[in-house]
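Two complexes follow with chain A in common, the first pairing it with chain B and the second with chain C.
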Partner chain A sequence: MLYALVAGILFGLYYALISLGLNLSFGVLRMVNLAHGDFVMIGGFTAVVLYSSWHVHPLVSLVLGAAAVFVVGIALYYLLVPRIATTKDPEMISLVLFFGLSQVIEALAVIHFGNNEQSIFDPVFGTQPVSLLGQSLPAVWLVSGLVSLVALALVYLYLYRSRLGYSTRAVMASREEAEVSGINLHRVSAIAFGIGLGLAAAAGALAPFMLGGITPDIGTGLTTTAFAVIVLGSLGNPMGTIAGGLIYGIALMLMQTYLPSWASLLPYVLLLLVLLVRPSGLFGRQVRSA
Partner chain B sequence: MRRGVWRDGAILLAVAVVLLLLPKAYSNQMLLFQLMVYLALSQGVNILYGFTGYLPFGYVGFFGIGAYGASLAMLDLHFAPLLGILAGAVVALLLGLLLSPLLRLSGAYFAIASLAASQAVYLVIANPSLQNITYGPYGIQLPNQFNPIASYYTMVVVLLLAVGVVLYIRRSRFGMALQAMRDDPVSAAMSGVPVVRERIAAWLISAALAGVVGGVFAWQTSVFYPDAVFTLSISIFAIVFALFGGVGTLLGPMFGTVVLFGMYNMIGISDPQYFQLIYGLLIVALVIFLPDGVASLLRKKGIHVL
Partner chain C sequence: MMRFKRYLWTLASVAALLAMGGGATASAASAPAPKFITIGTLYAGSGNYATSSLPELAGLKFWISQVNAKGGVYVKAYHKKIKIRLVDYNDQSDPNTATTQYAQLITQDKVNILVSDFGSVLTAAAVTVAKEHKMVLFDPTGTGSSFFTPPSPYIVLTSLPTSAVWPDSFAKYLIALGKKRVAIVYATNDFDGAQDATLVAALKAHHITPVYNNGVDTATSNYTVIIHNMAQTHPDAAVEFGYPNNDITFFQNLSASGVHFPFLFTIFPGQQLALLTQNVGAKALSDTFTYPTPPLLAYNKGITYGLSLNAFAKAIKPQIKSAPNFLDIAGYQAGLVIQKTLETSKSLSQLDLRAAAGRIRFFTLDGQYKLAKSGAQLGELLPVAQLQPTKSGGVAPVIVYPQSVATGKAVATH
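On to the complex of A and B.
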């Protein structure tokens, strides 16, 4: 029981890292990036390939992958988003657009890496289990938890202590008002979108250890899980995502301990329950309309 | 009004004649059957998204539960195929009723919640712990019911029904109410439209339609795994086909399905990853260059699209 709790907290922080980027880009763009999980997959393959070719440490790949994907994200934003922002129903159209993008990424990954699961099997983080609150856990879980905490703290500093972060939060609160007060909407959104994808790629670099391996088709499932996590913690509130991640992580560990064959249902059921009972999330403003 | 009814009848007749003659002209009946499945499903998406603005990403859930409802009715209750298909439709209708609270959500929330619901249904049905009831991940076999000819013509009838429903919705007070709600729910409610009731009605019609199609699909295929009837790509295909042609019209989704389905089959399915790549690129291109569908092009030229 205590083991499930401790492991759940570490996994929860990791799931918060996976999901945070999706929340950031949703908060700013008001569009759900259905390709989010595929960028986790890209980050994962980056780590696997860099390690198997040049023995690059996964934590180094994490930084490299996140930086590269950040740049790609900004380019993608300018390529795709302004074009659909003017259509009749951008919120729905964007779902279809990002689904198409996720199919393209997945197909390219299959063509390039094949369908087999890939992972890093060497004990990069040592074989010695670490002890935390009297529970002995794989060292890499602790490392992932810490890395997630650092990343979350950086996002916090960006949002609450930097000028661009202030603008980002202004856009989240109200696009129109932010625009009339002289904020460059596209610049702020592109950077937030890039950061969101970069965070996904960073989480991906740890996926070979936390999720057991990387296959090209993990994207869709991860996107739904991430969506469940951010809805739990309330959409548009990046810091609520941490709470959402912790709840999800602990629930997942408890399910895997007591009801393993139903554990895969968890993100979907959790998502439906939250949306129906308290759609604003646990820490959010009202969103339900109609 | 009177002339409109004649015209609707003529359209139905034309569709019926084409569908009945097609097998004589083109021998790959399997492909024609799939085409009809998507023609019907894209009309189902059209009923919901085109007329109410709710995008059902998890539409495949109704298709799958219909396929399972029909198959289990035939296997366990020894229903005749047509009766089994009806049972599948009822099961889909019940699922729709169960999920109708989702309609309280708006926009992307609804789309993703319906996606989650369809995946939840899939995971329950494919769950190894329920193997005694649903046959779990090993799928369904209906060797005794296999009848490709009869199921083909059943599908023709179902498709005509779908077309008829869309024609009716376009013409009726019900359809007008739906479109008014889509454009401005508050004003519609103020003018006395029972918003919630009408919206749930459209949702249930669309759910039952997918259920029937799923049931006929199960009968035609007669051997299938759970992931074959719950794969998200069925939802996505139906949505993309409908969007390409232009939702809110009758001919838009039909045109979209015929053109894109034809195109996908020309690409060939021998290399699934290249197929996936091309269809992903097509979706992106479609959304960027033609977000409101082919019908919007014609409408700009002043041509009324039925």
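On to the complex of A and C.
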């Protein structure tokens, strides 16, 4: 029981990292990026390729991948989002467009990397497990938990301690009012979108250790789980994602301990429960309408 | 007199019916031969099963290229060689997509021969569709036991035994070793579930109740907590039944967890050793027990049909750019069974094809082929092998059970 709880907290922090970017993007754009999981996959392949080619440590790949994808995210924003915003039904169009983007990324990944699982099996995070609260856990889980906490703290500082963050929160509260007050809507949104994708890529660098082998098709499932996590925490509230991730992680590990056959249903069950019992999520005051 | 008239009338009717039947046969025999024998199949171009499905398709395509290079396959029904044409669709590892595409192959493409995709999950969709359309399904690797529950007149398992049979030797080996505390985790699909059921039944017959026996979803991406829970039961043998993605994740998580099982068995190192080694490293695989399949079981002598393993490996290399794995062989084996079926079937009717496939007796690079009435494969053997370290830093299988085929002895685990 204690093992499942400790493992659940660390795994939950990792899922919070995967999901945070999706919620940030949703908060500013009011669009669900269905290609979000594919950027986790890109981050994963970046780590695998850099390590297998030049023995670049995955933590270095994490930074490099996140930075590169951040830039790609900004470019992607200006390429796609302003055009969607001018359509009659931007939410619906965005779903189709991001789904299409997801398919394109997956197809390109298949062409470049093939369908086989790829991973890093060298003990880059040490050969011995570490002890946490008396429980012996893989060292990479602790590293993943720390990385997630650092990333979450940086996002917090960005949102609550920087001018750009204030603008971002203003856009998240009301795009119209933010625009009227002189905030450069596209600039703020593009940066938030880039950060969201960068966080996904950062999480991806740890995916070969946390999620088994990387394959081009892992994106869709990750997007689904990330969506469940952010609905749990509340859509549009990035900090609620941390709680959503923790609840998901702990519930998953408890399910794997007591009802392993049913564990994979968890994201969907949580999603249904939240939508039925508390549609605005656990931290639902800032729920968005989309 | 009245009775005699009735007798004559009956006799005449029977004669007329026979004549009609004969005419029908004659007209079938005299019908023009098709330009191609069309084989329809699906493959997973992406998703969980792509790793296994693509080599299986490559093996089938290799067989087609070999046959067509010789002017086609001899079709007894037309007493001539006819070239093979392949129609294949990408099901993306999705059983729902596969169901639609199997139906499309039969109803729209009107294929002569239907071949299922890799594994039980994607074959399950084909079994239902084939039954509905009374079409024989040539099944290379879908070994789920439920497919072969009689009556099953429309399925031919071309390669491996049904999954419920796989653990026979393994269960006997565990019992012979005196293992009493067996921990099992299995993926909840036909293929792995059937193996778990067989193993548990065999152990229970010897009064051994597994100390841990739980199913997990086939898409499980982390086994860390499950490994911890298995270790808590202090097993003297741990078993993980899954697909390649499950095995890879299990080995990775096991290495990182610091847990050590005194005896470990998994399925796919015996079928896809190169893939497993690439992902988890030889060290993690060292001393693991598995089912060895060709090419780890090398059949080069006594081949009565098709290429030997060495000849096959050499011939297919230009197409797949690497050494073949079991799935390449399974695809090629499906082609050999289809070839022999066409060579011996009196017509292209589905029931005649099924009957001809049932009569085949040959020994190929995949081993002995022998079909049960249920359509299940009986001929092939699945012994137990241990992956032992080699001097070059890799691992190689040593067959340890049964004694009749053993090539060495098991070594103590690290």
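Note that in this section the second predicted complex is superposed on the first by the 285 of 290 C-alpha atoms of A that agree within 3 Å, B and C clash if a C-alpha of one lies under 4 Å from a C-alpha of the other, contacts with A are read in each partner's own complex, and residues count from 1 in each chain.
Everything below uses one rule, namely that contacts are C-beta pairs under 8 Å (C-beta built on N, C-alpha and C of every residue); 3 or more make two chains touch, one makes a residue touch a chain.
In this text the structure is predicted, and so the values were computed from the model without any measurement.
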Superposed partners chain B and chain C on chain A - clash or fit: clash
Which of chain B and chain C A:Tyr160 touches, first, second, both or neither: neither
Partner chain(s) touched by A:Val96 [first = chain B, second = chain C, both, neither]: first
First (chain B), second (chain C), both or neither touched by A:Gln118: second
Which of chain B and chain C A:Val110 touches, first, second, both or neither: both
Touching partner for A:Tyr3 - first (chain B), second (chain C), both, neither: second
Chain B versus chain C as contact partner of A:Ser261, first or second or both or neither: both
Partner chain in contact with A:Asp217 - chain B first, chain C second, else both or neither: second
Contact residues of chain A, present in both the chain B and the chain C interface: 106-107, 110, 261, 264
Chain C-facing residues of chain A, complex: 3-4, 7, 11, 106-107, 110, 115-119, 121-123, 125, 128-129, 136-141, 209-213, 215-217, 221, 253, 256-257, 260-261, 263-264
Chain A residues touching chain B - in the complex, by the definition given at the top: 31-32, 80, 83-84, 87-89, 91-93, 95-97, 99-108, 110-111, 220, 224, 227-228, 231, 261-262, 264-265, 267-269, 271-272, 275-276, 279, 287-290
Interface residues, chain B side, partner chain A - complex: 49, 53, 55, 57, 101-102, 104-109, 111-113, 115-117, 119-120, 123-124, 127-129, 185, 232, 236, 239-240, 243, 273-274, 276-277, 279-284, 286-288, 291-292
Complex interface listing, chain C residues touching chain A: 44-48, 50-51, 54, 92-93, 185, 188, 214-217, 219-222, 224-226, 228-229, 244-245, 248-249, 252-253, 255-258, 275, 278-281, 284
